[in-house]
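Shared between the two complexes below is chain A, which has chain B as its partner in the first and chain C in the second.
And then the complex of A and B:
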């Protein structure tokens, strides 16, 4: 036993899979201790705020200001106009603006913008440009508009008596606040989702829930599969026929269809996380049954089983001590795969809107479902779905890696 | 002499067919036999002739396709699990392949302890059990102290076979089916072990059905010999009669194929 364990941890595949999986698992345990916020709290008032730190504008305006001698214009120009934009501007100006290529210096952003403002016109004749390209230039033009202006921003307050606006401060372009002085700020490492929930916190919570669904489904499927497979394979005869009949019936109807039907009939409100796990487990035991059965059939005629029979052992004892141990490694592998497929099934179900009821839990599948429903992939909100996809992939990948690692360790011994 | 002894296992038209249709193999083909109590019967035949299959049928581990096996003169009834258990109380086996005969997850001690428990020694103090195990092992030239707490796969093939025979010394069954029990044991230990088995036969009137390729060995230990070819018994009778005066050509071939020292080995007959 100890030897096998050592061998298992010498298999690089298993170790890599195990490390990834353990890291995911530890994150779901440790993260909530550090970030105690409710993962389902709707922080953002609006959908899909992009990743970054959000600081309070009021705090920034009212806080201490520092003047720094930095070229702010270059900074804001760079953030507004990318190198690609500059190339496009150059292309437009030479093609349709009548500017000689030699006059354009891409290093000199200000000069380029000045040229642009002097020559660009939305209504200019632009032969050969697609509509979307034209729109791009209009947008670019709007972006650039006013970027060179350097007037101060004036802060005014309403006079409580006269109701007139009284200038209270001006903010020059070289004034800064220290983010440490800003009392209210919030960092969304992975932005927010369509409900304004913090995606990272939600993701960690969802991973935990999905792992639970997978574990419940895996345990149930493996137990049922193991039990039926052992009985069917060892007893044979009528019992075997009956169990195989039921198993075949479940196999003929694709388990996913069955899953959909059961989930649908249970109804949206009754579907808790555990129930979904149970439903998935109840529909996915068939292949464990089949493979355990065929293994048992090949084991039951072995001489060590015959010897056990001749030694007067009961059927129960033979199954438990002479057959089950030979299957143990196989069952562990099947269990790992069942967890992985349980998590994927939950994701698929939730994508169809048949997952756990949405109000009380986040699962990886539900996060995907909402991201798609709110067209996150179309409006470029990658943070709402991409991390979820990566997490699902990592879980499945690590579990499968562990499985193949185990396979390599166990199989030569199984052949004995 | 066999006529005076009581009937032990007798068979009429015993047949075993594996598979169906095209893949059908008739492993044992309508064999008749009459094994008497306290006899040593050898079944000799080349590889694949159906010896192991017949012994599994005699043990009740696989079903009989056709024909009938009689036990102590009455039709053998092993239709239920309870009846099977009852039948297995008096019959033991040494299987052909020692490597697959052990549960690799159980220590060697448990194999021998099982035997002691079966013989009603469950409540004996451990000292006494230890002594019984040590004695059984020494019968087969094994040192129990070296084996205790080991797993079967840590033994050599010959050691495994000896341990199987040690089981028999502990169990002292009425019937023993030994399927090439000494194939991996050196000639010197083999003689001692076989002598022990013969002694056991004299002591408790054990019936031994001895399966072997080795016709010389069969001659040495057995009272009667059955020669098996392609699932059929081609010849049977007293050991001296069959081996010294073989009638069937198959038997003559088997005897001629035994290489003799000091003699040119004629490969053309192989």
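And then the complex of A and C:
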């Protein structure tokens, strides 16, 4: 046993797979200890907030301020007006503003803005301009309005009795806050999803759920497969015929179709995480049965089995002590694959809306489902689906790698 | 051996998913097309081969280049299917699936681009007598020029037809056509005929240009409902008598056969006629002899020579085409629609440049079946409503395309200024609930003695745990997301709500037969009969008793006082009195909470791409044309203002 383990951990493939899988598993255990927030809590009031740290505006206004001698004007000008904007401003000014093209110098941003502020009018007659273009100029105008002015921003509070605005503070253009001083802030490493939930926290929880589904499915499928395979292979005869008849029937029907039908008929009410795992397990045991059976058939006429039979050992004992150990390596490998395919099946089911319900659990498939429903791939919100895809890929990849590694150790033909 | 092939399949599936989604990280057209197929790849991952993905991507690419390429898609029919881009106005989001008939009597028509008799009827091919303008609530002349009541009691109505109106075959459109259309609607029991024959006794031709509508009277001699009579003017398509007789002839005047007739040889009066249709695309062509070019109507023909609607697989496909400039007017819910112009810099815009981006006229509502134990308790209903996080629904499920309930407090009125002015906001102020009020909802339930006695986190009423199923059709993502938010809010007050998303047919079976606990549905939007009609849909016991209920009040709520008021409203013309009635109705509605609105919503989404056409109606442009996608009600006036982009 010790020797086998050593061999196994000498297989580089197995080790890589094991490390990835262990890392994922550890993350799902450790992360919730550090971040205790409810993964289903809808924090963001909107769709797909991008990754980053969000600091409270009120806190930053009220917090300690530092004056830094930095040219803020250039920075904010660049962020507010792109080269394309400048070209558009020039176009508008020459077409509708009555400014000669020679008077406009695109290099001189401040001069351009001054010209713009002097000549642009929302209500000007703009023949031939589309509504979307007109609105673009209105937005642009709003955006650069007052950008040249160096005046302070005034913070005012409403007097609760008179309703008048009372000036409480001013903010100069060179004042900064240290983000460490801001009490209320929230970091979304992977942004938020369409419900405004923290994607990273949800992803970790979903990975945990998926691993659980995979494990439940894997255990059930392997146990059923092993049990039926052992009985049918060892006993033979009518029992074998009967079991193989059932197995063949289940093999012929595509298991995913079966999965969809069962999930649909169970209904969303009852479809918890565990039940989905059980359903997947119940539909994916057939290949394990077939393989175990064929191996048992080849084992049952070996000398040591015959000796045991002659010694009058019970069937149970023979199967457990003389046959099962020879299958153990295969069963472990099959189990790993069952986990992997269970996780993928859950993802597929949830993508179809047949997985656990959204308000009860986060799963990888559900995250993908909602991201697609709210067109995350179309509006560039990569954080809502890409990390999910990577996680699914990593789980499947690591499990398959472990399986290949084991195969090389246990299968003499593949041994180096 | 199997283990290896399974391994390969699993690996392939993962790689395919990763690859297709990796591509989605870039920008521009290609990734969009690829990611759209991600769903396909995933669904079929276990058995998929690369060919499927490639094919689908190729189709999308073709659709995304330009209309000639799109036309090539359909191959053989290229001649009729290829229309010059600068003469064609492309739509998306109005038509799903192949059209099956052109028959306004049909009960299973799938041809919304042509046949859509509703509050603002679609008048591209068939026309109504008047057009409804949701912006000012007025009727605008189309086939008829004016209408008036025959007497103060409103027992009859006279409608004058436009003498210039004629059919696509050149024959004049007369009062006989109107009368015969009505007779056929009644005789063949179209849904319009069944509905309106409760209010209209007969429609007759006085002379060629004058129609008389005789109202149904009750025992006291009052008209059954003058509002509904006005509604007919904007809702009923006028059809040609001669053509109807032809159709009757070939169907032996059989009721069922009449409803199943395809009517693809139609004679109509509208500005467009059918030109081409298959499972990929529908095209209408302008009738160059359209009567509306007379000075008494539009004075000219609509600008686009062709109206085309490519049939897209889903919203995402439609959005990709819209971003590529292959769609001019999209009736589609689009997440973060402002990103299209703010981040992607596309020449796309909506009716309003800032949230809620459109003119909201309806409010998808959560109906609670008051006949179910638990939901028969007003405290339970009110608690669910109080706990629901409406701001979250509006910001995330609806992507901010709705005013909030702080901006427009909830009532039986839609958010248009006209309806909002029709009740006293202050009188019901104390009955309002802002939502996300977990403490308040908990207190309300505790006070009512509805508590969790067995410690499982779910409250019980009469020993039964409060556990309900909330349903809406599968695929209606914003509704599904809304119900998920309702469920997660209810969880916080110890009420278990499970979401259930059946297919659309099952959903309608469930709600029309009362086989549901909580469901989501939209009451009617802007109409000449509203807000009266909407109050009926929230509270009328008349609907609660229907065995199969398509009309409203799915909550099966009953209140005698409300019934009484709602019976009086159609006969009342005094505005002060009406305001009093509506205020009282809202008091009842907000006290008993048989249902509660989850968000406001435009009747039609209206997103326009100005890469080919411009001149679409926009808010505050002074045109008074409603943003009904250039097709519905008075919104069709937009077609006459369109110009090509320079």
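In this section, the second predicted complex is superposed on the first by the 312 of 416 C-alpha atoms of A that agree within 3 Å, B and C clash if a C-alpha of one lies under 4 Å from a C-alpha of the other, contacts with A are read in each partner's own complex, and residues count from 1 in each chain.
As a working rule, a contact is a pair of C-beta atoms (placed from the backbone, for glycine too) under 8 Å apart; a residue touches a chain by one contact, two chains touch by 3 or more.
Note that the structure is predicted; figures quoted are calculated from it, not measured.
With the two structures aligned on chain A, chain B fits next to chain C without clashing. When the two complexes are overlaid on their common chain A, residue A:303 makes contact with chain B while staying clear of chain C. Considering which of chain B and chain C touches more of chain A, the answer is C. After overlaying the two complexes on the shared chain, residue contacts for A:40 are found with chain C alone; chain B is out of touch. Residue contacts after overlaying the shared chain place A:98 against neither chain B nor chain C.
In the superposition on chain A, contact is made by A:321 with chain B only, not with chain C.
With chain A used as the common frame, the shortest Cα distance separating chain B from chain C works out to 23 Å. On chain A, the positions that touch chain C within their shared complex are 40, 42, 44-48, 84, 128, 130-133, 135-136, 138-139, 194-196, 254, 256, 267-269, 287, 290-291, 333-334, 337, 340-341, 344, 347-348, 351-353, 357-359, 368, 370, 372-380, 382, 385-386, 389-390, 392-393, 396-397, 400, 403-404. Those residues of chain B that touch chain A in the shared complex are 56, 59, 61-62, 81, 84-85, 88-89, 91-93, 95-97, 99-106, 114-115, 118, 153. Residues of chain C touching chain A in their complex: 2-3, 6-7, 10-11, 13-15, 17-18, 21-22, 24-25, 27, 31-32, 35-36, 38-39, 42-43, 45-47, 315-316, 319-320, 323, 334-336, 339, 341-343, 345-349, 353, 389, 391-392, 395-397, 399-400, 469, 474, 477, 480-481, 484-485, 487-488, 491, 497-501, 608, 610, 614, 616, 618, 621, 645-646.
By the touch criterion given at the top, residues 301-304, 306-313, 315, 321-322, 325-326, 416 of chain A touch chain B in their complex.
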